[in-house]
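Structures are listed in the sections that come next.
Shared chain: chain A. Partners: chain B in the first complex, chain C in the second.
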Partner chain A sequence: MRVERRLEQPRWLSLAVPLVSIVVAFVFATIVLVATHHPPLHTFRRLFDAAFLSNGALSETVVAATPLAFTGLAAAAAFRMRLFNIGGEGQLYAGAITGATVALLLAGAPSPIVIGAMVIAGAAGGAVLAAIPGILRAFFSTNEIITSLMLNYVVALIIDYLIFDSHSYLRDTKGFQASVFPQGKILPNEASWSSWTIHGLALPLGALLAVLLAVALWGLYAGTRFGFEVKVIGDSARAGRYAGMRTRRKILAVMCLSGAIAGIGGASQDGDFRHQLDPRGLTQANYGYTGIVVAALARYNPFAVVLVAFLLGGLQNAGFTLQGADFPNGLVGVLQGLILFCALGGELFVRYRVRFDRRRTPAPEPVS
Partner chain B sequence: MDFEAAPGEVHALLGENGAGKTTLSNILTGLYRPDEGTIVLFGESVEFNSPRDALDAGIAMVHQHFRLVSPFTVAENVVLGDHRDIGRTFLLRTREIERRVEDLSQRYGLAVDPRARIWQLSLGEQQRVEILKALYQDARILILDEPTAVLTPQEANALFETIRAMAEDGRTVIFISHKLHEVKAVADRVTVLRRGRSIATVPASEATPRSLAALMVGREIELGRQNGGRAIGAVCVELAGVWAQGDRGVPAVKDVSLAVGGGEIVAVAGVAGNGQRELAETIAGMRAPIEGRITVAGRNLKGGDPREAIGAGVAYVPEDRLGTGVAPGLSVASNVVLKSYRKPPVSRGPLLLLRKIREVATSLMERYDVRASGPDVPAWQLSGGNLQKLVLAREFSGEPVVLVAASPTRGLDVAGIETVHTYLRSAAERGVGVLLISEDLDEILALADRIVVMYEGAVVGERDATSATVEELGLLMAGGEESV
Partner chain C sequence: MNNSLLVVVLASGIAYGTPLLYAALGELLAERSGVLNLGVEGMMLVGAVMGFWAVQRIHAATTLALLGAIGVAALAGALMALIHAFLVVTLRANQIVSGLALTIFAGVAGLSSYLGNDLNLARAPARHQFQEIFPKSFQNWPVVGPILFGQSALVYASWGCVVLVALYLTRTRMGLNVRAVGESPAAADAMCVNVTRYRYAHTLVGGGFAGVGGATFSLSITPQWIAGLTQGAGWIAIALVIFAFWRPTLCLVGAYFFGAFTALPFALQGHGVTVAPELFQSLPYVMTILALVLVSSRAARLRFGAPAALGIPYVREEG
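The block that comes next holds the complex of A and B.
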């Protein structure tokens, strides 16, 4: 048996491999469930119901999926240039801080203006934060993985400081609740992002924005000069420079773009769901890190990011709904880990194929 | 493929790229396993499962790209991977190793200081270390893969003497090359490979370069010079007192002044690492000059900006094709428009016209005979020759004023070299000034109108191509005094 690099990667493989990977992941999960004396089919059924079928489940799944779509798109945008922006987490916090600040400042203005300003402020917050590793990478060749990761902790501390350790503009100091436990000011009604209900499915503005961003990102990378430059520089920075591209500016621009997307995700948390700056909720959710998983599973394709975010969102939502005495604790985490493991393992079959040696076994055409 | 060599023989393997020379030597050194057939070593059938087995059987290879650890000393590199007696002890017995290395280097005329560190050595000296390594391991069969590629003619001659000395000792030397006259100079017998088959084995004394070339390519090809006869126009690129820094932070280009006229082919000769690459990069804007002036078609370049150079009409064929000349993971079509994507007809405003790009790519691939299964295959799948044709096609299509070509035929087979030479000549005929940077004196003499020799970053001599001789150029390349 030999493993060879594929010369060509057939198109159907990029669809078949992830699907097979998910099936394999569920097979492994079945083994885990049987080993722990849980009925596998019943458990999967409950999981599926809680994620997609039961009353209001789909809407909850969309709520869980929206931030993952933003952070997934952010990671995918950077990876097109082979930049690893691990800072989606912090950039989302930054967007949440700037978004909430603008919402409070503009209280009383017409709602569309407030919402628009929040989106812009969130994008700017994320972009400015991402610019730090971007500048360091572009002009000082610093490893962006480390710098962007470290900034996550910085912003997590800042957001804690704003609400817990200071009397900042964002902290609620008046209400009864605030005297029990520190919390962010409730945002004005004008800052509540609109949502649409279709056949009982609630679609928040953030979810639609994420889909729009996915389309825009795809167009940007497939059909513009900017996208072309990003692809060339991502493939070989020297070739980019040789072709007269401004490689440093492009690195900075892509980091900012990535940060801006994550930042809008932060603003969407304020406007769509939380309606206040919520440090505990944001820092415990790990949206940024899960977003990297989403992007990896989606193989950095923007449309696939939206789809994968939806599926993982469903899984998380189900895990949240079902947690209790009779539901295997941590199953959702195990399943998520197995899916990632299998999907990354499956990548091997996209790039390589396994061939059986004909001398020993006159094997039929291998299924690869 | 059948192939045999006798003890004490220098046997040359001659063939185009892709003829199977490297694959054959990889099988002999245990890197690949043969699908079929046997290897018989001194009457004994052997099977190699790893390079270690081959080494133990006495087969060693000197690769084209050296396998040396640059911060280590010569002696340390020689003993590296040795697993017998003193190489195997826990403590390095440095003195003992150095003494043995010195013995060997004296016996075979491989002058090199065993205490020197690899990074301090020239490429020629590094090669000697590789050969010492093989001798130290008592190799009875030595395979040398294109050993002269990095040497001056004088260094090459010294190497040939070493090869002869090793053969006289009863060792077998397998000498891989595609340079015909070298093969003739050093080998006892020549085996010509073509498309994975051994075509013929002939005694070197009976072969002529022409007959070998015909065997190699499978048809008659033209050798020799075709330069001259072109009208040389106004100066299209001029360098005045240019200095530029190398990668290590010391000046690599020192006070270079030269001019190329339209339709003229000026060759820059020199052993690799004497500032030619840096010079090419400086003209192409990839490297900023620290002093001096570069003028292209009367326009002063501020330097260090590839886009500015492209705009002024500088086409550049970089030495590093895969990685600089093309983006390897991107499609052939994308690489065709690598420089023109900013302008119509392939883009409108910020948008790329994808269909137009494919059209442009397809027609260019046809015109320059770039063979690929389509414009969408990634560039890394192309062979060396096709890749170079792709780069040349793109550079010519930009309608350049001057073409800087750095080692444009390195690693190409005879047919590929022929094509590249034809393209370079036709560029000159259309009035483009060509600055050809090459280490191959045959190539330079075949193409150039004028030859400039660089040594340690400076221009040390200039010759008219019609009257220059290989010996004279070789001496200049090695830093010999200018003899007028």
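The block that comes next holds the complex of A and C.
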């Protein structure tokens, strides 16, 4: 058996491989379920029902998918340039902190202004945080993987500090519930992001924003000079430099772009769903890490990111709805992991061609 | 005297640092062979749950049961690492994404909780646990008593592991080969070193160490099974490897240093000083970033830096 690199990657493969990997992942999950004495078909059926079919399930799935779309787009934007920003998690928290702060500061202003300011503040918060690994990478060539990862934990601790261990501006110190358990101040009504209901399907502003961002990101990467340079630098930084591209600036710009997208996701958490700075809810959801999974499954294509976020959001929503009862705990993580393993493994078949031939052609004699 | 702040913090810093040390030693071995495994947290959790399961099920004397449990934990961690190794070594997948996938697959919301739930392990204390092995009279000695003699067997075993790993990497032929595989796989390949086999072996052993690190939580520190009981220790372990510049002995120092930061807020509270624990908890991360910046310059990278081929798949025809 030989594995050789394909000269061209056929288009149909980049669609077929993810689909086949999902099927294979479910086969593996079936094995896990059977091995632990759970009925696989029944379990999958319940999972699917709770994710997409049952009453109101679709709306809940959109709620779960929205943050994943943001963090997925954030990861896709950076990974396209082989800039491995795995700080989407922390950048989302940062956006949630700045978004909530602005919402509280602007209480009383007209709603569109507050919402607009929250989006900008969220983007700024995420971008500033992402700029740290960006600057370190651009000017000190420090590996951005580890620095962005470490910052996730730093920001998670900052959120904890703001709500649990200080009397910060964001913490509710007066309310009745706050005396029982520390929590963030409830944001004013003006800071509630609008949502539209179409045929019983609730679409929050954040979800629409994510779709718009996907279109914008696609346009940026497919149709502008900036996008072209990002791709060239991603494929070969050296070639980019020889062509006179400003790699350092590009690294910083892409990092900030990626952070800003994740940050808007954080602001959307405040405005769309939680209406307060919610440290436990945010830090336990792992939106940032799952976003990387989403981006990888979508092969960094913005539109595919939205689609995959919707599917994985459904899975998460189902896991959340079916929690407890007799539903196997942790199955959702197992399934997500398996899907990703299979997709990663399948990637080999997109990039390489596997050939089976028994006969080995003897290596030609070296000419002396 | 034994209640003084420094002694308490050092003693509990060593206890809290031990799981970090095991996991970091494992990650160090994998990274020295060129494989970055971000799945440490997941492997630790699976090690923790399987080790705990073993100790509940093995009906034997305490020592035997605990030894068996450590073996099971190491095996479970290695099995998890096998997935990563297969994906990144054989299938040449992206190491970052694969490692994160492993953490999602095995972590809090994944396999470890699935197993803990399915094997019915929650809400029961461990039937056997690692205890201080020296008699109480030793532990009452001033200063060294609690620090050196108040620890469990896992702590002393970890010191042995540090020495073994350090000797292995610097004094044996195989250790030299591992370093070659991590620095320049093409050169190692030309010297007839089997790159694939070395990478597999060290990723698997690394997973085993992570599993033991996880079991340190469920059999000694906590000692019971709670979903997600490692609370991010796996990520600190990854940070620790960098902080220690990929050297086993520095791992030991760093692990206790980071462990002391976990212990410090509690100890301070005991002395009536309230400090936000987040301040100390964030220090390991901030210091790792600083350490990483320090070793990023070209000269320092050659002297202390990461294995040159870290994170890069090796394909003979393209090497």
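A few comments on the model shown:
Assume the second predicted complex is superposed on the first by the 356 of 368 C-alpha atoms of A that agree within 3 Å, B and C clash if a C-alpha of one lies under 4 Å from a C-alpha of the other, contacts with A are read in each partner's own complex, and residues count from 1 in each chain.
Rule of thumb we're sticking to: a contact is a pair of C-beta atoms (placed from the backbone, for glycine too) under 8 Å apart; a residue touches a chain by one contact, two chains touch by 3 or more.
These numbers come from a predicted model, not from an experiment.
In the model built by aligning both structures on chain A, chain B fits alongside chain C without clashing. In the superposed model, A:94 lies in contact with neither chain B nor chain C. Touching more residues of chain A than its counterpart among chain B and chain C is C. Looking at the shared chain after the overlay, A:83 reaches neither chain B nor chain C.
Of the two partner chains placed around the shared chain by superposition, chain B is the only one that A:243 touches, whereas chain C remains out of contact. Once chain A of one complex is fitted onto chain A of the other, the partner contacts of A:292 are limited to chain C, with no touch recorded for chain B. Touch criterion not met for A:254: it reaches neither chain B nor chain C.
Of the two partner chains placed around the shared chain by superposition, neither chain B nor chain C is touched by A:123. Following the chain A superposition, chain B and chain C show a smallest Cα-Cα distance of 5 angstrom.
Note for the complex: chain B touches chain A at residues 35, 284-286, 305-311, 316, 318, 320, 323-330, 334, 338-339, 341-342, 347, 350-352, 354, 377, 381. The part of chain A that touches chain B in the complex is made up of residues 7-8, 222-229, 231-232, 235-236, 238-246, 359.
Touching chain A in their complex are the following residues of chain C: 36, 38, 83, 86-87, 91-94, 96-98, 100-118, 227, 232, 235, 238-239, 242, 276-279, 281-282, 285-286, 288-289, 292-293, 296-297, 306, 317-318. Residues of chain A touching chain C in their complex: 4-5, 32, 36, 84, 86, 136, 140-143, 145-147, 149-151, 153-154, 157-158, 160-161, 165-166, 286, 289-290, 292-293, 296, 319, 328-334, 336-338, 340-341, 344-345, 347-348, 351-352.
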